[in-house]
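Each chain carries a letter (A, B, C, D and E) given by its place in the written order, and its residues are counted from 1.
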Amino acid sequence: MALPWIVLFTPLLSAAIIGAFTKRYHNLSMGISVLAVIVSLAASIGVFLAPAPETPLSIPWISLGDFQIPIGLTIDGLSKAMMLVVTSIGTLIHLYSVAYMKDDDGKGRYFGGLSLFMFSMLGIVFANNFAMMFIFWELVGVSSFLLIGHWYNKSAPPAAANKAFITNRLGDFGFMLGILLVWQATKSLEFGAIQAGIGALEANPALAALAVLCIFCGTLGKSAQFPLHVWLPDAMEGPTPVSALIHAATMVAAGVYMLARVFFLIQISPCALQVIMWIGTITAVLAALMATQQNDIKRILAYSTLSQLGYMVMAVGLAAKDAAMFHLVTHAFFKALLFLGSGAVIYACHHEQNIWKMGGLKKLPVTFITFLIGTAALMGIPFFSGFYSKDSILIAASGQNQIVFGLALFTAFLTAFYMARLFVVVFFGKARTENADHAHEVPPIMAGPLVLLAIPSFIAGYGFFIDRFLPTPAHAEHSNVPMFAIAAALLGAAIGAVIYWGKSRDPINIRFLENKFYFDEAYAVLIRYTQDLLARFSAFVDRWVIGLAVRVAAGCTWGVGFTLRFLQFGNLQGYAFFFGLGVVALFYYLIIK
Amino acid sequence: MLTLNDYLLVSGLLFALGFAGVLFRRNLIVIFMALEMMLNAANLSLVAFARFNLVDGLPNYNGQMLVFFIITVAAAEVAVGLAIIVALYRARQTVHVEDISTLKF
Amino acid sequence: MPYLLHLLIAVPILGAIAILLGAPAKKTAMAAAAVNLLLTLVGVFSYDQAASGYQFQSITTLVPEWRLSYFLGVDGLSLVMLLLTALVTLAAIWVAPKVDSREGLYYSSLLFIAAGATGAFASLDLFFFYAFHELALIPTFLMIGIWGSGDRAGAAWSITIYLALGSIILLVGLLALYLSIPDAFRTFNIVELQALAAQGKVPQTSWIYLTILIGFGVLISLFPFHTWAPKAYASAPAPTAMLHAGVLKKFGLYGLLRVALPLLPGAAQEWTNLLLLLLAGNILYIGLVTIAQKSLDMTLGYSSVMHMGYIFLGIASFNLLGLNGAALLMFAHGLSIAVLFAIAGEVRERTGTLEYSKLGGLAKPLPFLGYTFGIAAFASIGLPGFGNFASEILVFFGAFEHAGTALARGIHFSNFQIVTIIALWGVVISAVYMLRAYRAAFLGETNKSWTSLVDLKCCVRPAIVLLLIALLVAGFRPQLFLNLITPTVKTFIAAQ
Amino acid sequence: MSPIFFWLFSALMLGFGACVILNRNPVASALSLVVSFLGLAALFVGLDAYFIGVIQVLVYAGAVMVLFLFIIMLLDLRKERRRKIKPLVVLGGGAVVIAFVAQLGFILRNFPAGARTLEPLTGPFDDTKNIGFTLFSNYNLPFQAVGVLVLVATIGVVILSKRELK
Amino acid sequence: MISPNPLFLDIAVLALGLILLLLEAFDDQKEKSFLGWTSIVVLGAIFILSLFAKPVSFAEGSQLAQFYRADSFALFYKRIALGATLLVLIMSVDFRSILSRFIPAATPLAGTGEFFTLPVFTCLGLMWMASAVDFVMIFVSLELVTISFYILVSYMRRSAGSLEAGVKYLILGALSTGFLVYGITWIFGITGQTNLQRISDIIGVLPATNHTALLFGMGLILVGLGFKVAAAPFQLWVPDVYQGAPTPITALLSVGSKAAGFIVLMRVIQAFSASPEIMAKLVMALGGMAILTLIYGNLAALPQDNMKRLLGYSSIAHAGYLLVALASWGNGAQAPITVSFYLAGYLLMTMLSFLVIVVVNKATGGDDIANFNGLGQRSPVLALGMLIAMLSLAGIPLTVGFLGKLLVFRDAIAQQQWALVIVGVITVGAGFYYYLKVVRAMYWNAASDSSAISVSGLTKTTIGVLVALIFIFGVYPTPLLAMLK
């Protein structure tokens, strides 16, 4: 009975111990954190195997009359699957980090952050009500902030961390508003109760659409959907294992998970679904386009993550939440693999991240092979997991909206193209720098997770695997969608490989894509001309209007006093004159008036 | 026939005259004289009031009592006032109003 | 235990007098503050929650014909505020840096401020409720004036005159309230007044409420009466800023809860829209102003003004959720802002400046300060796990509840909802400025001149940890506090 | 008292009163004041206030004015030095005085009792006796108080005038 | 405990004054300090006796009853007079060294004897004013006070300031006396009476045609008394005279003269309240004066930097608050209590501040605010005393000054005098500024000379007592209120 609690709270305990006491004792902290995640994994396996508990697991957090915010756990297929994904990938990444962060002087802090993240992420997974969801939603934001800004003493990571947190806050603004709207309509926060009382919301389509879109704002931020996608590439300033765990496999997928969790709510508003679908599609296409012109290995993967998240959101928008979850799971594995692989590459090349300064890395066998598996899965090469999950989304799209379907295919093509580019540039050709030349294979503790992740990346698409965890969408037998998908993937891969084979410079230079459609610049301008200007204007008003008004009032008072003083000019007769004036005035006032 | 108002008018004019003296003269001693004029103007009114409001066929002696006290007090005031003015003159060799305005603002 | 409250007020005053007479300053002050914290805890734990209501009562009639008495007593709400006072006082005295001259005056001033706040929260008589608060005015004036930094003279003057004016406006309002009650019932006794209000014997005069609102509003730095606050907090020595921003400013809010709303619920409703407008100003406008600040102290000063808006929102919604949220937020905000000011003070102590352009990367040489500042900063912008979040979320729900149930058709936002949306946006704004501040001061590359700074001494750290623990307790188990607050809040609501 | 005398003495009083103010020589002012007060004394007599009239002559014309003159001589005061006459002062002061007189006129016009005329006395009229009787019977307390006042004034004059205090 | 007849108090003070005079005259000691001690001890004893005195009423129609009343208010103001004089004498002990510098003394400290004697007579005048219910008595006792003040203000003949103050007070005081007398004349002319009670009876039945003239008379009296209590627009003498006069005399002027002025003013208003129409006009006029006084006193004080001058303006300001109470006369039940309570508090805090000023002047040779720089370090006792005095004057709660203001505002609000309330609020705020200026000097600023200031035991004790009373009456006003029943 206590197992789910153990899953949830062991990482918290670890984070608390590290945060409060052992932060400075690096190896001890590391040990605690790794132990915690392993315990959590073990317990989650236990939870997975055990039958769903009959009594709901819940502890009250706030309880005021009818208003209840409990910390309550949902244990169903969805959460179990997600839990396993989180704990298993989490465990692997903890292990990987042991080596990757070996000499970091903030190691204790790092592992504390990881533990905190595990706790927060699992909280989202288990949440059975909106308030709790929101609580952990915020907490993953903070752990993400902490881990992105891990190297706080440099200038870029803190900036990226701030950007991530604030962008997320923007999404959370809508999320909270959505929660409030739903609560106002249904008077409950718990998913089950909301579902029971959904009629109140359904009756008012406008309100329903608004509420759903507001809630979707949460996804917009957390899953970095257009137009709030800008933070994710910058988040790559964090250590690579963090990118793998948080910014590829789990946290960014939380948005999709949340949509799946409250799908009963989402689906009441077709209009909102349309919006969600289009947002997903746009994100998928734009991100894929941007990915084609990036040079930083992690950024390419980041844009690819964006693109894939767009896929999932699109799937939700297509009302294919199972497909979305399916893709989420497979993507979690292969993207984590890819990130860890890129980490291995970076590690091998002495923290070099520019793909044009690598090359010829096929001499590192473990990295090369696992990366290849990940790449294939991402491209959607048949027999690899990504193919199946992507396929189920494409099928959903083809059935509903041909434009979206076309764009999705185009994205698949682009995905294959940029992954081929990446793969070819990094692993083939000659080593283009000294670092790449002296690259050496990663230690076993890093290789282990790579291998362990490569397995599910390969097999996760197969029914025998995934069906244990998730309801998979029925495979349409007579569809020719898979043909299109395979064609797009192969075409993309082939073009990419051909263009980039043996190149030492990028033969294609599309500034517009390289600069990510100038989103960052546009946003900078937008912020400068809205928020900053408003802020400065307000500060001006505060100082020169309100502040001045106060000061002028005070000054006037003083001035009047200063002036009055001059009545007191010392001359007796002057006083007598004012005396007389006073007398006359008094009589006027008293008698004549 | 003479009315009360005639007396009151005359006394009021004397009062105003005294006040004008206080306002316009710069010699402290003369100012002081003007103040005496004001007191005397009040006295005139008092006596007139007393005379015009007969009590049992006699002037209202309460008024005259007041006049008596005013005259006495005024005399005492003059004595003290002149002593102060003399002391001032000794200290500053002036009895001009304009010269005694060091305390101000 | 009727003596408990007497002791609570007497201990700091006696401590201050002892210090003025020559007792070792810091030790005595610490002892007094510690004793007070213990006493407060005793009070909290021996308060009979089942019985609720005012307990530890003690009444001494002073002027029978005015029904003026020295009446002490606490309910759950006051206990929470007393706890806040005791915690922040202890921490403030603890972190107070070494004072070169007139140590006695420094610490006795702190104790006087604490005594004033304690007295105000423990009084159940309008007169003393008001009087105790003003007791803190002069020590604040002295402390900012003598030990402040920057434009200390200007800051000291502006806070003192502004607060004095606010208090006198408040006094006029309270007197008018007192006089508006029929002669036979007139009393200063808050408990009796509440009973009268329940019987409908307090006339609901709308201008009286407005006067009281403005009076309290000035004390709370309600927009647009806020200009004193940022300056004063920026200039004040850290312990003063902690006590003032953390505790004293809550007096106005406490007063609204304790006096204005229960006694004038009808009149209050007439001004709800005005209050909403002003508090939206607090949140949105002040939030924007905060973003534009260029130094840490000013950012914190403005942020403390901004957060008042949330408490106002909770109070304005006047329902179980909103009031509970407001009360808890008073507690939580008091703690978090105290930590922030304490750390800002420590930083200024070391660097001599708090301008962002000169700071940066301080977390490297000052890991403890950087770490705790980060925690407190996140707490103050509403991170779950800290009391601020728990209370803010209650405030939001409370405000939405006030708007009633959703329409059957179409979308319509009531004023309350619009302001709530603004308040939600304020959460974004506060993240922007707080993270900007954190990054500018503590993160990034370390300025060369700061590499040799020395971190906070170990013996002072518990002060900050104490406050953070309290914040965490309020965040993880808000129910502990809500259980105390709710009965009081229920009586307020019932009176409406 | 016939109106002719009244107006005559009034004119005397006011005329010399004006001289007090207009004369630039303090001695002349003092002497004008004596004459003015004599006129006033005559008016008192006209109002059947013989005792007061006599006192007026004795105390004012006799004692007080002598004191004034004595002091003026003692201090050897000359004519007031002609200083710049400030038109503003004259204008302002004049306006105040005129306004005061105008207000007085307004009061007098609205004072119905003021139209009363002199009625003959019918009581047992012995002015000095009546005054003395009233003073020492009814006005005993103020009389004592005035005694203290005079004492204080005496001490004060001594303190303020002695060259050297012992 | 025996309760002495209030008349006895007057007689005792008179006797004390005469005995002191005789002692002064026939004692050939050069050093007159024993005179001071005698006066302090005896006056203190009389003051204590006065606390046990009970109001008595004299037979209607008796000679005494026409002029003199010994009701509880009279008694209260007698106590104020006694207390103020006592404190002034205590101050004078410290002040003697300054005084002797400015008088042409044959030997050091010679000629200071009268400085202890004359205030006793002033006190007597004040006590008579407290009891006076007839314009004759009012006039005579008021003049006794005024003339003794002329002498005392110009006492320091070698100080140009003292003499200048004396002359200004003399001329303007005499001017106001002229107006007062002229006013009394008119009232007498209309009513044929000088006794307030009888005047009141007549006014109640007087035809309305007489009201113009009556108001004229009342206005003139208001001018005369307004001068005494330092009400605008008759207040211009105050700062100059306060600054120039010997400090203890300034204190007496500020408290004694004002208190006596107010009791007389209240008795006169009481008499006039018999006619509602006149009362309405009167209240209007008082309200107008109150506004002017508040604004002038409080605002003109802002830029001051001389302590005594500052207190002069403060004295005007407090007259303003007292006038607010009078303008909120209502049915007359509250205002006299408010005013009396306020004045008692004003006595405590003003005397406390002057006491400190005297000691500081002695030590630093001046009474500018700058002379108080660093007082917090030089003499914590003095600084604390001054701090409490300033806070009480500013109206910080728990002090008696606050309670006084509370009562004033209460009355004004109860009578819905909104203009007065608003001006009051603004001026209280301004008041904080200038009172705290002194606090700033004492605590913020550093002294140019940081040596400690020695304070005599008597002064210390007095400061202690005054501070204690300020706080006690600030929260427990019942004893004072009981005296006013």
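In this section, a residue touches a chain if its C-beta (ideal position, glycine included) is under 8 Å from a C-beta of that chain, and two chains touch if they have at least 3 such contacts.
These figures come from a predicted structure and were not determined experimentally.
Visitor: Which chains make contact with chain C and with chain D at once?
Guide: Touches both chain C and chain D: A, E.
Visitor: Would you mind checking which chain's C-alpha centre is most distant from the centre of chain C?
Guide: D
Visitor: Can you tell me which chain lies farthest from chain E, using the average of the Cα atoms as each chain's centre?
Guide: A
Visitor: Comparing chain centres built from Cα atoms against the global Cα centre, which chain wins on proximity?
Guide: Smallest centre-to-centre distance to the global C-alpha mean: chain C.
Visitor: Can you check how far apart chain A and chain C are, centre to centre, with Cα atoms defining each centre and the answer in Å?
Guide: About 35 Å separates the centre of chain A from that of chain C.
Visitor: Counting only Cα atoms for the centres, state how far chain D is from chain E in Å.
Guide: Roughly 31 Å, centre to centre.
Visitor: Counting only Cα atoms for the centres, state how far chain A is from chain D in Å.
Guide: The separation of the two C-alpha centroids amounts to 100 Å.
Visitor: Taking each chain's centre as its mean C-alpha position, how far apart are chain C and chain E in Å?
Guide: 42
Visitor: Among all residues of chain A, which ones touch two or more of the remaining chains?
Guide: Residues 565, 568, 570, 572-573, 576-577, 580-581, 583, 587, 591.
Visitor: Specify, in ascending order, the residues of chain C that touch 2 or more different other chains.
Guide: In chain C, the residues touching two or more other chains are 161.
Visitor: For chain D, write out the residues touching at least two other chains, lowest number first.
Guide: Residues 89, 93, 96-97, 100, 103, 106-107, 111, 113, 138-139, 142, 146, 149, 153, 156, 160 of chain D each touch two or more of the other chains.
Visitor: Under the stated touch criterion, can you name all the chain pairs that qualify?
Guide: Final set of chain pairs in contact is A-B, A-C, A-D, A-E, B-D, B-E, C-E, D-E.
Visitor: Please output the residues of chain B touching chain D within their complex, sorted ascending.
Guide: Touch residues, chain B against chain D: 1-10, 12-14, 16-21, 23-27, 29-30, 32-34, 36-37, 40, 43-44, 47-48, 50-52, 54, 56-59, 61-62, 64-65, 67-69, 71-80, 82-87, 89, 95-96, 98.
Visitor: Please give the residue numbers of chain A that touch chain D in the complex, ascending.
Guide: 573, 577, 580-581, 583-584, 587-588, 591-592
Visitor: Touching residues of chain D toward chain A in the complex: what are they?
Guide: Residue positions touching the partner: 89, 92-93, 96-97, 99-100, 103, 106-107.
Visitor: So in the complex, the part of chain E that touches chain A is made up of which residues?
Guide: Residue positions touching the partner: 167-168, 171-172, 175-176, 179, 212, 215-216, 218-220, 222-223, 227, 232-234, 236-237, 239-240, 281-282, 284-285, 288-289, 295-296, 298-304, 426, 430.
Visitor: Spell out the residues on chain A that touch chain B in their complex, using ranges where they run on.
Guide: Chain A residues touching chain B: 565-566, 568-573, 576-577, 580.
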